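Both complexes below contain chain A, partnered by chain B and then by chain C.
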Partner chain A sequence: MTGFRLQLGGRVDRSRTVTFSFDGVRYQGFAGDTLASALLANGVSLFGRSFKYHRPRGLLAAGSEEPNALVSVTRGPGRFTPNLRATGVEIYEGLEAVSQNRWPSLKTDLGAVNDRLGMFLPAGFYNKTFMWPRSFWDKLYEPAIRKMAGLGDAPTEEDPDHYAATYAHCDLLIVGAGPAGIEAALEACGTDKRVVLIDEQDELGGGALSDPAQWAWLADSVARLEQAGNVTLLTRTTAFGYYHDNFIGAVERLTDHMTQPGEGAREKLWRIRAGEVVLAQGAIERPLVFAGNDVPGVMLASAARTYLHRHGVAVGKSVALMAAHDSGWHDAFAHARAGVKVAAIIDVRSEVDGALRVEAAALGITVHLGSSVIGVNGRHRVNGIEVCVGGRGAATRIACDTLLMAGGWTPSVHLWSHSKGSLAWRDDIGAYVPDKPNENVRCVGACSGKWDFGKGQVIDMLPTPRSPARIKAFVDFQNDVTAKDIKLAVREGFRSIEHIKRYTTNGMATDQGKTSNLNGLQIASQALGRPVVDVGLTTFRPPYTPQTFGALAGHAKDALFQPLRKSPIDGWAEANGAVFELVAQWRRARYFPRGRESMLAAVNRECRAVRSAVGMFDASTLGKIEVVGPDAAEFLNRMYTNPWKGLEPGRCRYGLLLKEDGFITDDGVSARLAPDRFHLTTTTGGAARVLNMMEDYLQTEWPDLNVWLTSTTEQWAVIAVQGPLARGVIAPLVEGIDLSPDAFPHMAVREGTICGVPTRLFRVSFTGELGFEINVPAAYGRAVWEAIHAAGKPFGIVPYGTEAMHVLRAEKGFIIVGQDTDGTVTPDDAGLGWAVGKKKPDFVGKRSLARPDIVAAGRKQLVGLLTDDPAEVLEEGAQIVADPNQAVPMTMIGHVTSSYWSEALGRSIALAVVAGGRGRMGEALFVPMPGRAIRATVSGMVFHDAEGARLNV
Partner chain B sequence: MSDLLLRNEPDCAGFAGEGAGVAIRLAEPMARYSLRARDAQVLEDLIGLAVPRAIGATLGDMACLGPDGWLLCASVGTVLPSGSDLPVAITDVSERAVRLLVEGPRAGEVLMAGCPIDLDRFAVGRATRTVFETVEIVVWRLRDDAFAVEVWRSFAPWLRLALVHAAG
Partner chain C sequence: MMLIHCPYCGERRPEIEFAYAGEAHVARPVDPSAYTDEEWERFLFIRANPRGRHNERWRHIHGCGRFFNAVRDTVTDKFETTYKAGEPRK
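Here is the complex of A and B:
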């Protein structure tokens, strides 16, 4: 035996040597090794430092339940993954792994002083100690505690990998490819069922991989599954969550085990809808609770057998077993037969099956029945154990370098519990097993509590003559919770396991208490003197094991993060140097700078053009809904605040939409095209929300109305041509519509053609100037835009963006819902009382407008605000006070909602909501800013052309 | 519609990766109508076309997408009556959506990267409104290895990129 690698045995490929490093030291292992097995083979026993006490820790397990051996793997910039279980990291050539939570090194960790101070760090210590002063928490306590207690470092660089995702459907999904899972899959072989079999390990087999007697069966079975046309096999795939209606989330790891990951996706998220689910997740061996059970070299007996048989690695040169269950005996025998010295078998039971004793004798193994380990010698590695009979009397020292624990088995009921299946307690195995299903699911094999590992005794803690207050007997290895912490919680009055868990953090680490929950429960049950079922059971939540954010994000990254919607005219704007802004998912041209023009200069130029000549604006992103049917007018009359039934075809009306609470939620100009057909517009950001709201009312409140809603937002490109010269620009292009003011007045709509393309031509204005909004089928939007731009050149036409649009509308006191309103503004607050139909019997939100607090005096009202200094442009969102000399915190009476430089007025303008605003006309208010307070006067909201003369030309 | 002016389509370059098993391209323009009616018979009488009655079924160019909703995707130039005064709603949505054709042996698999319905069991000739991740689409199975995906114009470039990503 060289090191700890056995001469023979294991499923590793001894012809393929793999070189890797751990904490900068180079080691060699074989293809098929995990980082854990390869380091064990090299005699490494120290894998990490514990969370709270910084105690040296080795391997406890061989699978995904491992709580101690968490490592970070780095493979180049941005590819740093912390908190991986060494038992699940497959080694590849050049793998670089490092240990965590230690400084300056794993062997010499200054944080280990916490271990000496352990007596002063009981459960709840941090909560009790670092409470005062409160202000110290954010700056001092929390950062310091986080630095000391912790897992690996969070990655700081952008992840260069990409991730795949898919949905999948199957008739039968089997989770876990141990013997029970494979049997379930074999039963479905050759049927017409679509079967998916998933397993978290790199090969199928589960527990059978650690049992050479089953390898022939396994090879044959896997071959049959591979040949069956109806079975999809997913290895390296973890089913992490079980959701409603047999929907299972799973992550397949595609490249982490490869020397050259290549260009493919790193992981793939499988979202599987299954007809039936078979859970074959197996069972996890339970540690025993005694002083020193966390010293490196103390591990689960079944894990040792996995390293022995699957990896050909001996976990030690002299191995002892502390058992409360028969299965550990068989694991010890396996070691003896492989030539590993078994120093002793200690069993807490006074009597065991005679066959076990016979076999132990045959293998020359000393047996101590009715005894327990009461201490473990060694710091970085076991060098001996202390054993005494019945928890009393003198201790005997037994020299060994490894101690196996066999505390019985815990069925893995995690996914079963996610599915809300009920659990039943079984006293004989001291565990919860699946009871009544809540989905079409069944459990098979060890996770259902059926196993042939033998019998055992359920025990909360090994008997010891030592004071329970003086020993550290670990229950939760990852969160450093000891038996005495749980007893302390009980003494402090906690009765439910849900509370005990939160107080001690037992089972709340990243391993979700896979090895600790039931021991914690047993200890609490004993301390409380009540049966386990009365103490309760903690909840299991997804994910079963930690998953990367990348896997959950799937494709949703970079350009695919979310759709970037572009209008049909966006390409022209881009080619003409537009600066864009995002509005909901849309990108819109904000302004069109010429050369090195600043935003302010560009916006001023654009505004001047609209006021003095003509401008053009892409309004395609406005939401549009076609409302059609005999009851269309009735429907709109019920939705909007103002009357709609009397609107004549060919005319437009401003519509104001409230929510049930009476507050403004959207607005827009809508046109009646025919008695039973309306063309509604909504705000850009509100399109989907308004359609949903209207559908909601239509389907649930008024299903009797013969009217239907169709989103036409994307059917139409919309070009606003605004300015005193607008008519002259479009006149030569329009056919079939008389554009003269008498025939086509303000707030009218006509259908005809423009540039030969059918158009719904609106005469409306959001600028206060003569204006048209030209709707054309989206595919022609850009061509019509270009034609208008060309036709407008002699008139000095200027394309303008959303910023100029904002300024122009603010000069006219037109509100923008969502900017000048915030979901608490009524029509009256916004100065839109005129848009509420006083005679209407009802409309959405009407009754709320009569609520006492809605009609009370002193509500915040939208008003204009003019700074004393005309050059001062207030900040949007700035707070407003009546007296700037009050003590801080001042009484704030409102805030600025819109604020711009107005080129037309040659001064700044602002809109603001101010308490009792309309009663304060001419009053001076103040906007406190750092170091000063800006004085401003309350004014009306319409700053430009108050009589509207410019519209009617 | 004027032939003097150029149509402008969303940026959806065709994709047919080497050995990808799937090709994605933008279909030619179509006439599209959203049809709503309380009584399918009234609709049939009005437009003179048989309409499928079962949700998810198609008949010729017409798909039944809901209890009172149909989508007609026909050749350019198809014009339907407006249905004035009848309890129906007929709306021209020809330019609201574009059609991506997803073809090849991996077509269904590529769509299922982001579409939660079981396309393995989605018969040829069926159509349904569904989503691809967060984007609403209508999937119409044209052949065993060909799907038409109707998607609103501004979402098309994103959907095309997502499908190409899934194919790659």
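Here is the complex of A and C:
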């Protein structure tokens, strides 16, 4: 034996040496080693520092339940992964891993002072201590806690890897490829079922990998599964969550074990819908609770056997066993037979199966029955244990460098619990087992509570003569929760395990209490003097083990984070230097700077062009709905506040849409093209919502109406040409439409052609100038846009963006639903009472307009606001008060909804909602800002061309 | 992610194809103006919110587009049945 590697045995490939580093020190292991097994082979026992007390910690386990040995792995810029369990990190040539939660080094950690202060850090310490004074929190407590607590460091650079995702459907999904899972898969071999078998480890086999007697069977079984055409085998794949209707989320790790990851995806997220699920997750061995049970070198007996048989590594040179269960005896025997010295077997039970005693005797192992370990010597590594009989009397010291714990087994019911299957308590094994399923699922093997590991005694803590108040016997290793903490929580009045868990944080670390929940429950049950089932059980939630954000996000990042909608004219805007903004999911041109022009300068220039000559604007993003059918007018009459039945074909109308509660939800100008056909427009962001709402009424309230709704938003490109010269620009391009003011007045619609392309030409204005909105089929949008742009050159045409559009509409007092309204604004509040059909017997929202709160005086109303200083542009969203000298907190009477520099007026303008606003015309109000209050006067909402003369040209 | 049976398509499809649409069988009165303020308030805002069987509306918004009704248990989150709009409460 060199170091701790045995001469023989294990499934590692001894012909392939792998060099890696841990905390900067180079080590060698074999292909097939985990970081944990390779470091053990090199005699490393110290793996990390604990969360709260910074106690030295070694390996507890060999699988994904490992709470202590959390490491970070770095593979170059952006490829830094914290909080990996060393037991699950496969070594590869050049692997660089570091320990966590220590400073400056693992062996010399200043945070360990917490351990000496341990008695001052009881359960709820943070809650109790750092509450007061409040002002200390931000500056003192939080930074200090952040530095001292916490696990690995968060990555600081962007992750350059990419992550794949896939959907899979199968008849049978088996989670866990231990013997039980493999048997279930073999049963389905050769049937017509599509089978998926998942396992988190790098090879199939589960517990059989730690039992050489099963290797021949395993090799044969795996070969049969690989040859079966109907079984998909997924290794290195963790089923992390079980969701409704047999929907399982799993992450497959594709490259983390490779020296050269290549260009492929790092991980793949599987979303699997299964007809039937078989859970074969196995069971996890339970630690025992006693003083010193966290000293490096104290570990689960079954884990030691895994290192022995699977990796060919002895966990120590002189091993003792503390058992409450038969299984640990067999683990000790395995060590003895492999040539590892077994210093003693201590069992808390006074009597054990005679066969065990006979075998122990045959192997020359000293046995202490009815005894318990009451102390562990050593800080960075066990060097001995103290044992006493029956928890009383003098302690005997036994020299050893490793102590195995065999506390019995806990079925892994995690996914079963995700699926909302019920659990039943079994006193004989001291654990919850699956009871009634909530999905088409069954549990097989150890996770069902059926196993052949022998018998045991369920015990909350090992008996000890020492004062329970003076010992640290750990229950939750990752969150540093001791038995004393749980008892304290009970003394302080906590009764339910859900509350005890949150108060002590037992089971709330990244391992979700895989090794601690049941011990915590037993201790609470004993302390309360009530059976475990009355104390309750905590709920397992996904993920089973922590998963990377990358795997869950998959391709949904950067440009693929969400769909980006572009208008047909977007390419022209991009080519012409537009600065864009996102509106809903649309990318819209905000302004078109010339050279190094600032936004304000560009917007002012664009506004001047529209007011003095002509501008053009891409309005394609407007929501559009084609409403067709004999009852179309009746339908719109019921939906909108104003009358629609009398609207003549060829005319447009501004429509105001309320929800049934009477508040404005959308607006837009719509046209009647024929008696049975309307072209509706909605706000850019409201299109889908409005269509959904209209479908709802049509399908469920008025199914008798013969009306069809079709979203045409993306079928039409819309080009707004606005300004006193607009008619002259488009006239040469339009055919079949008389554009003269008498033939084609404001708020009219005509069909004809422009540039030879069919058009629905609206004469409408959102700027207050003579204006046209030219609808052409989307595919022609850019060509028509470019033709208009060329035709407009002699007129000085200027493309303008959404920012100028906002200024121009605000100068006219036109509202933007969702900016000037917020879901609590009625038509009257918005000054749109004129748009409500007083004679209509009903429309959506009408009844609500008569509700007492809606007709009450003093509601917030939309008004104009002019600052005393014309150069002062208010902040949108700023609060408004009547008296700036009142005491804080002030009575806020409204807020600014829109605010701009108006180039046409040569001053700032704003819209605001103000309590009783229309009754305050001319009144001075104040907008408090840091260090000052801005004085402004309430005005009407229309700042420019109040009589509308500019429209009628 | 649940599977929901669309009574119009006749298929169980993933939840992401559907949108929830509130309690079912809350019919808009033929003449809202005849309602008292209290009655209108009940229609607008007051919902059963039961623990257990809940008649509710869904829309197969990314499928056929139809609104339909369902009975779902709010404790187990399981659908008991789905049925077409206009059919009597189940």
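Following the convention adopted for this analysis, the second predicted complex is superposed on the first by the 947 of 953 C-alpha atoms of A that agree within 3 Å, B and C clash if a C-alpha of one lies under 4 Å from a C-alpha of the other, contacts with A are read in each partner's own complex, and residues count from 1 in each chain.
Note that in this section a residue touches a chain if its C-beta (ideal position, glycine included) is under 8 Å from a C-beta of that chain, and two chains touch if they have at least 3 such contacts.
Computed from a predicted model, the values in this text were never measured in an experiment.
Participant: Tell me which partner A:Met599 touches in the superposition: chain B (first), chain C (second), both or neither.
Facilitator: In the superposed model, A:Met599 contacts neither chain B nor chain C.
Participant: Given the touch rule stated above, what does A:Ala559 touch, chain B (first), chain C (second), both, or neither?
Facilitator: first
Participant: Per the contact definition in the header, classify A:Pro777: touching chain B only (first), chain C only (second), both, or neither.
Facilitator: In the superposition, A:Pro777 touches chain B alone.
Participant: Would you sort A:Ala362 into first (chain B), second (chain C), both or neither based on which partner it touches?
Facilitator: After superposition on chain A, A:Ala362 lies in contact with neither partner.
Participant: Between chain B and chain C, which one contacts more residues of chain A in the superposed model?
Facilitator: B
Participant: Return first, second, both or neither, reflecting whether A:Lys420 touches chain B, chain C, both chains, or no partner chain.
Facilitator: second
Participant: In the superposed arrangement, does A:Met892 touch chain B (first), chain C (second), both or neither?
Facilitator: After superposition on chain A, A:Met892 lies in contact with neither partner.
Participant: On chain A, which stretch or stretches are contacted by chain B in one complex as well as by chain C in the other?
Facilitator: 271, 273
Participant: Considering only the defined contacts, which chain A positions touch chain B in the complex?
Facilitator: Where chain A meets chain B, its residues are 164-169, 194, 271, 273, 555-556, 559-560, 562-568, 571, 586, 626, 628-630, 674-677, 706-708, 710-716, 753, 755-758, 777-784, 787.
Participant: What residues on chain A touch chain C, complex-wise?
Facilitator: 243-245, 247, 271, 273, 420, 438, 660-661, 692, 695-696, 699-701, 703, 841-842, 846-848, 850-852
Participant: For a test of understanding, state which residues of chain B touch chain A in their complex under the given definition.
Facilitator: Per the stated touch rule, the residues are 1-2, 4-10, 29, 34, 36, 38, 68, 82-97, 109, 112-118, 120-121, 133-135, 152-155, 157-159, 161-162, 165-166.
Participant: If you look only at chain C, which of its residues touch chain A in the complex?
Facilitator: Per the stated touch rule, the residues are 1-3, 14-15, 19, 21, 27-28, 31-33, 35, 37, 40-41, 44, 57, 59, 61, 65-67, 76-77, 85-86.
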